[in-house]
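Two complexes follow with subunit A in common, the first pairing it with subunit B and the second with subunit C.
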Partner chain A sequence: MFKIGFVILSIHLLIAVTGPFWAPFHYAQMGAGKPLLGMNWINFFGTDHLGRDVFSRVVHGSYMVISLSIFGTMIGLVIGSFTGLLSAYIGGWVDEFVQRFNEALISIPFLVLGLLAILVAGPKLSGEPILMALAVALVYAPRISRISRSAALDIIMSDYVIVARLRGESALSIIWREVLPNISGTMLVEFAIRAGFAPILIGSFGFLGFGIRPPFPEWGSMINDYRPFIFISPITVIGPALALSSLVVSLNLFTEGLARLLGTSRKEIK
Partner chain B sequence: MIYLTLITKRIFLALLTLLIVSAILYGLLEILPGDVATRILGRDANEENLAILRERAGLNIPPVQRYFFWLFNIMRGDLGYSLISTRPLTEILAPKIFNTLILSTCAFLLYLPLTFITALVQASNKDKKIDNILSAITLIILSMPDFIIGTILLIVFVVIFPLLPAISLVNESSTLGEWIMALIMPSVTLALVMFVYGVRMLRDNLIEVLNAEYVLMAGLKGLPRYRVLIKHALPNAIVPTLNVTALNLGFLIGGVVVVEQICSFPGFGRLLIEAIKNKDLPVVEATILVAAGFYISANLIADVISILLNPKLRKT
Partner chain C sequence: MSTNLTNRKNKILLEMKDIKINGFADGRWHEIIRGIDLKLNRGEVLGLIGESGAGKSTMGKAAMGYAQPGCKLISGSIIFDGIDLTKITDAQKRKIWLTKISYVAQSAAAAFNPAHKLINQTIESAKRAKLGTEISLKNDAIELYNTLQLPIPNLIGERYPHQVSGGQLQRIMTAMAISPRPELIIFDEPTTALDVTTQVEVLTAIRDIIKKFNTAAIYITHDLAVVAQMADKIKVIRYGKEVEEATTAKMLFDPKQEYTKSLWSVRSLTKPEEKSSNTILSLKNIDAAYGKSKVLFDISIQIPKGKTLAIVGESGSGKSTLAKVITGLLPQTNGKISYFDKELHPKLKKRNKEQLRVIQMIFQMPDTAINPRQTVQEIIGRPIEFYHGLIREEKMKRVIELLNMIELDETYLNRFPFELSGGQKQRICIARALAANPELIICDEVTSALDQIIQEGILKLLQKLQKELGITYIFITHDIATVRAISDQIVVMNQGRVIEQGMKSQILNPPYPEYTELLLSSVPEMDPKWLTNLLIKRSNLKDA
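Presenting the complex of A and B:
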């Protein structure tokens, strides 16, 4: 089952990396065809209201979605796992405080949290791709922190760490040599799951109008922009929607296969 | 009762979390990034307008003081005023919250039986063909972001079979019929979104319940299968369902925002989006606070009910 996911994912990655070179048109090129043509042999997904080729736009936008998802999730993972780990190791009221903080952040629905981050960033950063990645990281960090904390707690309570502490090993070396390697399995699966969900998050931002500054062809904002033309030329909406869905489906299948391979239990996303 | 202290402790923690949320909100929005007035009016606003705004929004008071004034006002029930329309926020928020509550309830009523029955079917036929088919379908819907599901439903029900109105604008003066028509699209979308998350979690929980020893025992005793399900397994399935639902509420609130935007339903979510676009800070703060409050209280209620129902949880 997850082989299908792997295949589709590889196709996506391939398109993302090589796409801009062989896409028939540039993404801002108006006049690739008459506006709002349906599917035809030149424009696979038709043209949009400005005459741009939708297929090329999807292809061009592909690398941004994928790289932002991975980048953003990675930042969130790094911040989250380190805060969780440190919080677990130091313990005491630092731990309590960090936990309350995390819980507060998680109580804000993730979409809202991302929107908040985008709002806060101010006019200079708005519309920049880096903001998207940071928003994703902000949404994921507390949730990952929680998980890394419980995983780290398990390890810290175990005998060999207690022995290491008794031996006088410095905290840094314990964290580096005992804790980190043991939580990396769980964290890897977490990363894969979150990275699978990240394109949806980024797409949602784009859809609501808070995405990357136009005319960059981000899939979410494309779907939103072409909504008024649904009756005339539905393929403009279906095209990017299909791209986004297939990306996420393949990522999910892939991560499920990965999780099963690594043998860790599937913790569901909150 | 011994566990009363436990419940009180939970309530206290919940309130504390809410307080921290408010601090984070206020801190992010008002204190951290530079000049608030410039952010609202844009970079090219002239000095006079900036000064007027600062005066009106009370931005001249030092931030920490402002935070406490704000908190104090909230506790008295005064949520402040919208920067755009200068109407008191409670007036603006109340009808929208009401609308969204109706929407959520409809979605919830659709989602609950759907999820439960599907998860039950899946759990009872674990790893058989029906289970795998349902899992595959769920995974595919799960991978589609909520706005895509909403848009597809829009295409199907408005373009292909012109059954439902494309926009769900209702207000107090609309008839009941109009309300129902307007509610169908968003609630179905919402219910679907919650369903795909809920059914996956519930399936695993129900499998655990069904594999428990008392179920096996009941079967061995000779009870017919449905009796085992209804009298023995079902009561124990309530707690996991509750937990799953509480977790799902996060998706509900998030999903509401997107769904309301797609269908132009005049609710809470759309209010938030508009406020963010207009940089109407008081509205943003108040709405997020309310949303977080809902989520925290729902989790709290779910926790409390679980504690009451399951004696084993009372030890912690």
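Presenting the complex of A and C:
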């Protein structure tokens, strides 16, 4: 399964990197065929209502989905693990406050939270890719914060952290030197799993019309745009949906294998 | 051996031949037991001795025909009462385990189900084997509790496991083992987790009851003095092989093999006591508490410079808490601590770097005291960089110097903790403490997680370092033998109070206060008659 995931993911990455150079049409180019052609040898995924080539659009959109997923999750990971570790180490009311705040954020359904953030950001930012990444980070950060906190609690109780405290090391130094290396495995797995679901999140924003500004071919917004034509030319919708689902499935297969691999290697060290 | 047993056809209860067992770890199979023979007569007690990892527990379990998960019996036969346990099914084995073989584990607390009353657990196997009605079995259990000298024997069974003490639980587990009147009981380090004073009670109980029912037993332990009280014969194993087997008296007074002799000689380490006029650290009227529960009461101690002060006491006596107070991890609620004539702030954060540098600490478990993700070089190098600001070549030079001091060399520089043995890890911890150039090192049970021979090495090293560098030690331990070996001064603690303090010769020689007497007399000695004599002495005292 790990290998299957790896192969599909590699194809996705290859398309994301090289796609824009060999895609048959530009994503905004109209008249690539008659509107709503359906599947044919020139337009693999058919054409949309404006006569744009859907396959080319999917290929062009690929790099954006992948890079936003990774970038957004990464910001979430940095913020989340920083707050989580600090709150675990300092403890007391700081821990209490950070964790209650996290819980408040987690209690809001993630889509609602993301949409709220996009609305609050205002019209100027809305539709910008960076906003998507920040929204993903906002959704993930409190969840990652909790995981990193509980992973760190165990470590913070250990004698080598006490030794460092007795030495007079600062909180940041202890977190950086003693704690972080010991939870890096957990955090890497966490990153991989979260990154695997990020495309769905970004796709959902797009589908609800809060995604990247058109005419950029964001997969979620494409699925939404072509929804009315599902009975006339099914492939127009299925194409981008297939791209999205295969990306998510392959990412998950891959990360699951990765998690298992890291899990065993961590045990050996223990 | 009683006469009616010799009349039986087979005098031999258990015969294990050429046992080989492999264990699975780190992705491959290792040999744990490499061909051991074992023979046990009815009513006989065999002591199985070895260091951790010698394979003694595995061997004990194999005597039941059981291999724990991850272990596999490769070859050999286990004939128990005429039946080869290697050739029968698990269901048949379970039938034998139910009534004929019992097992007493090291941690009684982990072996009882916390949700059931003790008496129901005591009679469970006898009940399942239908050896009697529930009422008769319960009466029998109460009888057993009585024999084991448990308090209020007719009611204690109605309690749940958490409502009795560790020593009582261990005795109830012995009752549970004996309840179906098995032919063989396997004791797997039954007193290792207990304090010395409790250990005496449990040892007495076990010894009396196996004698009373003439049960054969295999007694597994790493403590020779303990096994000397219990066993008819002793088998020493190492690296999964037999080193030597002989009757107890012969083994104690005339061991044949070098390895066995070395086990015996560990406690021979001694040091003449020395006085010091200079006080490095003084504690005055220290009180301390965890939240609202007070754990230290009015502790005043003077720590002599360049000497070793041992703090002894049982678990819960407050000796580790005292270490926390000295280091500032747990600020005292009352009293003051002075380093020479300067007062130390109760809180760790309020002390300056220099004050932190001079007091270092070494912990009990070397496994958890060093970061598994750092190399030896990083572990030892950090304090050098932190306190003395040395970097790169200078730091490296100092790390190697320290490694040499702890009798390791530079090939260890880039090793991770999992590539080191327990003793080596503890040495690394010592080097890390030395890296700060401290004046005082607090050693909190630093040898109790290690095997005897390795203990000796660590203690010798600490003594050598004291001689060369003039470091002061506060040595926290429950092991009187260690105290005897290395201390100059001794503080005896019990329930958060100092019972007695003074020079070694003064504390370890009579007259003793009551508690010190109890503590000292409870330490097992290498004399097979020690327990018997101790009990006679104590009952005489009671009568008088």
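To be clear about the criterion, the second predicted complex is superposed on the first by the 263 of 270 C-alpha atoms of A that agree within 3 Å, B and C clash if a C-alpha of one lies under 4 Å from a C-alpha of the other, contacts with A are read in each partner's own complex, and residues count from 1 in each chain.
As a convention for this text, contacts are C-beta pairs under 8 Å (C-beta built on N, C-alpha and C of every residue); 3 or more make two chains touch, one makes a residue touch a chain.
Just so it is clear, the structure is predicted and the values come from calculations on it, not from any experiment.
Look at A:Glu169: by the touch rule set out above, it reaches subunit C but stays clear of subunit B. By the touch criterion defined above, A:Ala121 lies against subunit B but remains apart from subunit C after alignment on the C-alpha atoms of chain A.
Comparing subunit B with subunit C, the partner in contact with more residues of subunit A is B.
In the overlay built on the shared chain, the residue A:Arg227 is in contact with subunit B alone; subunit C does not reach it. By the touch criterion defined above, A:Pro109 reaches subunit B but does not reach subunit C. Under the contact criterion defined above, the residues of subunit A that touch both subunit B in one complex and subunit C in the other are 268-270.
Here subunit C touches subunit A in the complex through residues 26-27, 327-329, 348, 351, 353, 356, 360-361, 363, 365, 368-374, 382-383, 386-387, 416, 418, 432, 436, going by the rule given at the top. By the touch criterion given at the top, residues 158-160, 162-163, 165-169, 177-178, 181-182, 268-270 of subunit A touch subunit C in their complex.
Of all residues in subunit B, only 13, 16-18, 20-21, 24-25, 28-29, 32-34, 39, 42-43, 139-140, 142-148, 151-152, 154-155, 159, 197, 200-201, 204, 247, 250-251, 253-254, 257-258, 261, 272-273, 276-277, 279, 284, 288, 291-292, 295-296, 299 touch subunit A in the complex they form.
By the touch criterion given at the top, residues 100-101, 103-112, 115-116, 118-123, 196, 200, 203-204, 207-210, 220, 223-224, 227, 230-231, 234, 237-238, 241, 244-245, 248-249, 251-253, 256, 266, 268-270 of subunit A touch subunit B in their complex.
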